[in-house]
Amino acid sequence: MAMLHLIRNSGFNSSALTQCLDMILPQDSILLIDDGCYNFSHALLLRTLTEQQDITLYFISQHADARAQCPNNKLFIPITLAEVVALLFKHDNSITWS
Amino acid sequence: MAMLHLIRNSGFNSSALTQCLDMILPQDSILLIDDGCYNFSHALLLRTLTEQQDITLYFISQHADARAQCPNNKLFIPITLAEVVALLFKHDNSITWS
Amino acid sequence: MQNRLALVVTTPPSSNLTTTAINLVRAALDSGVSIVGVFFYQDGVLNAAKYLSIPSDEFQTLAQWQQLNSEYNVPLYLCITAAEKRGLSDELNNHESSNIDSAFTVSGLGELVELTSKAERVVQL
Amino acid sequence: MQNRLALVVTTPPSSNLTTTAINLVRAALDSGVSIVGVFFYQDGVLNAAKYLSIPSDEFQTLAQWQQLNSEYNVPLYLCITAAEKRGLSDELNNHESSNIDSAFTVSGLGELVELTSKAERVVQL
Amino acid sequence: MSENQPRDKTIAIINTQAPFSNAAGKEALDAALIFGSYEQATSLFFLGDGVFQVIGDQNASAIEIKDYLKTFSALEFYDIENIYVCQQSLTERNLSAHFHINNIQVLSNEVFSQRLHQHNVIYRF
Amino acid sequence: MSENQPRDKTIAIINTQAPFSNAAGKEALDAALIFGSYEQATSLFFLGDGVFQVIGDQNASAIEIKDYLKTFSALEFYDIENIYVCQQSLTERNLSAHFHINNIQVLSNEVFSQRLHQHNVIYRF
């Protein structure tokens, strides 16, 4: 089943990002939300995106803007909270890593 | 000035241990307290102890026992909270990493 | 047909993470999704505290929950066991009977089971 | 001569980290160290909540603070700004005037400056 | 959208925090037991520092905690039999597969993750 | 024990958390300003995710937060001029030395740590 992984905090400060990346399977999606938007440059996240190209990565653009964070990578897809609601129903289940 | 570093949580879960080890200077001491006692096997901590032999490392034996944690290494010195009080006055200052 | 969403909120009212949860509820309502309920657990129970004093120029979390409850009929369920551990109670001894805001329904974890069962999707925030 | 210690407590009453803080105060008193005061800040302010309901067979954090205050004259200072953000207040509107336990002295961050200045050592827990 | 129809859901509860310093472990267990008592298919997962909850020879009373770990024995009573522990988390922490409850299955990251993915609703603590 | 005599103390406040998701950054700044207003020699340190507090071009109002970051400009008024940022923390996070306040000194781990060690009392947030 395709899972949506919500990442709400910084992988530099907490192990939640690492745990998420250890658990991710092809076809899953990642959503960077709140302090999750601090992870655009996190080496582990970038490596996962390179190695597992089936994974889709979203972020809340409003949350990134507020934090002066901007992805260098076109693989990160900016979305709104309304689109998050749609994503929740599009995926089979979700885990909130925070 | 000699500093006492209190480590209150697991370095596997939080960046506090890493930050402490980045900031430690020779003559400083480390005290593992509360969930800090989960760090007996943490690779970074063991490496610091090997590389910086002037650093003294204490732990609250009661806190380690409760958690079924036991150091494999004689460099870890078991103490009580009463001894912590003495350590606070023996050092010039302290940081609580938690 | 209508999609049904439940939320579990575990963050305190002073946190911007709670603002995100409120905004997600609003976005869901705007999308025509039905919110079967919001369950407050762990530190999320502090959202039901009646006497929070937030400066008037800051985000008014409690007023937002009250509005979602009164204007959009979003049910707000408070886990009383988690709440009592954190200083909230609906059975105080003195003149005042409760320090829980009336927009919140005092309930137990059984309500989480109900919501989990009723909703098509559940998200923890 | 006597050593003077101040504590800053930032952990909530339900946490075992707070038990450690209480035990450190007791150990200090037993060692003849004078506690110039305990300052409650951040989530530590929740220790002053009057209506915590902790099962009787669990650690009674509030009773421990009350005892340290009444029997050993340990001053307990509550940062009211941090407290009000977390649902505690000494100026409620209704019948009840305060949901802050009377063992705690309502104060501001200025008291932290005082304690920091008076104590020979300060420890944050 | 038949996949969105109501139906019996499978519930996963992931524990990622050590047992004593905050309420997360106890509140996760409380939730698991309630789901079990309502006869919902519930599985427990231990990942990261969560594995510290299940290791043997712990002694909570040494630090004045009422031992909620004993309550794990009630899981069997509610037919919660899927209890999974992450091997990598044990290895990283230099822990052996010595547990205070029975029925634990130690799984590789891959199998652990596959099991997790099979559940409809996942709560993380 | 002359070193334990009361005297004017130097205060260090270390920030280790990002600004928006919890109250730590604001409560650290509140404390710094009070120490400054009592004319205590106070220094601010930014380490780890704490560096996210000082980077430029942030826009708190976009997520409905009253921007406490603007209050940093008051530090100068209270003669808090020692503001240190850890270079390694910036580099790890791919951040440039572009800040929303002046007077920031970016330091190597070694110098940062030496400055920290020179203070009598250190509060970490």
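First chain written, first letter: the chains are A, B, C, D, E and F, and each begins at residue 1.
The definition used in the following text is that a residue touches a chain if its C-beta (ideal position, glycine included) is under 8 Å from a C-beta of that chain, and two chains touch if they have at least 3 such contacts.
Every value quoted in this text rests on a predicted model; they were computed, and no experiment measured them.
Common neighbours of chain A and chain D (chains touching each): B, C, E, F. Listed by label, the chains touching chain C and chain E alike are A, D.
Of all chains, the one whose Cα centroid sits at the greatest distance from that of chain E is F. The chain with its Cα centre farthest from the Cα centre of chain B is C. Between chain C and chain D, two chains of identical sequence, the interface residue sets overlap for the most part, with shared numbers making up over half of the total. One simple way to say how far apart two chains are is to compare their mean CA positions; for chain D and chain E this gives 34 Å. One simple way to say how far apart two chains are is to compare their mean CA positions; for chain A and chain F this gives 29 Å. Rounded to a whole number, the gap between the C-alpha centres of chain D and chain F is 25 angstrom. Across the assembly, chain A contributes residues 8, 12-13, 15, 34, 63, 89, 94, 96, 98 that each touch 2 or more other chains. Each of residues 3, 14, 16-17, 20, 85, 120-121, 124 in chain D touches at least two other chains.
Shown for chain F are the residues that touch two or more other chains, namely 4, 16, 20-21, 23, 48-49, 63, 65, 121, 124.
Contact between chains, per the stated criterion, is found for A-B, A-C, A-E, A-F, B-D, B-E, B-F, C-D, C-E, C-F, D-E, D-F. On the chain E side of its complex with chain B, the touching residues are 16-18, 20-21, 48-49, 52, 55-63, 65, 92-94. If you check the complex, the residues on chain C that touch chain E are 1, 3, 8, 41-42, 81-82, 85, 108-110, 112-113, 116-118, 120-122, 124. Chain F makes touch with chain B in their complex at residues 3-4, 14, 16, 47-49, 88, 109, 112-114, 116-122, 124. Only residues 1, 4-6, 9, 11, 23-24, 27, 30-31, 34-35, 38, 40, 121, 123-125 of chain F touch chain D when the two sit together in their complex.
Within the complex formed with chain C, the chain A residues making contact are 6, 8, 33-34, 63, 80-82, 84-86, 88-89, 94, 96, 98.
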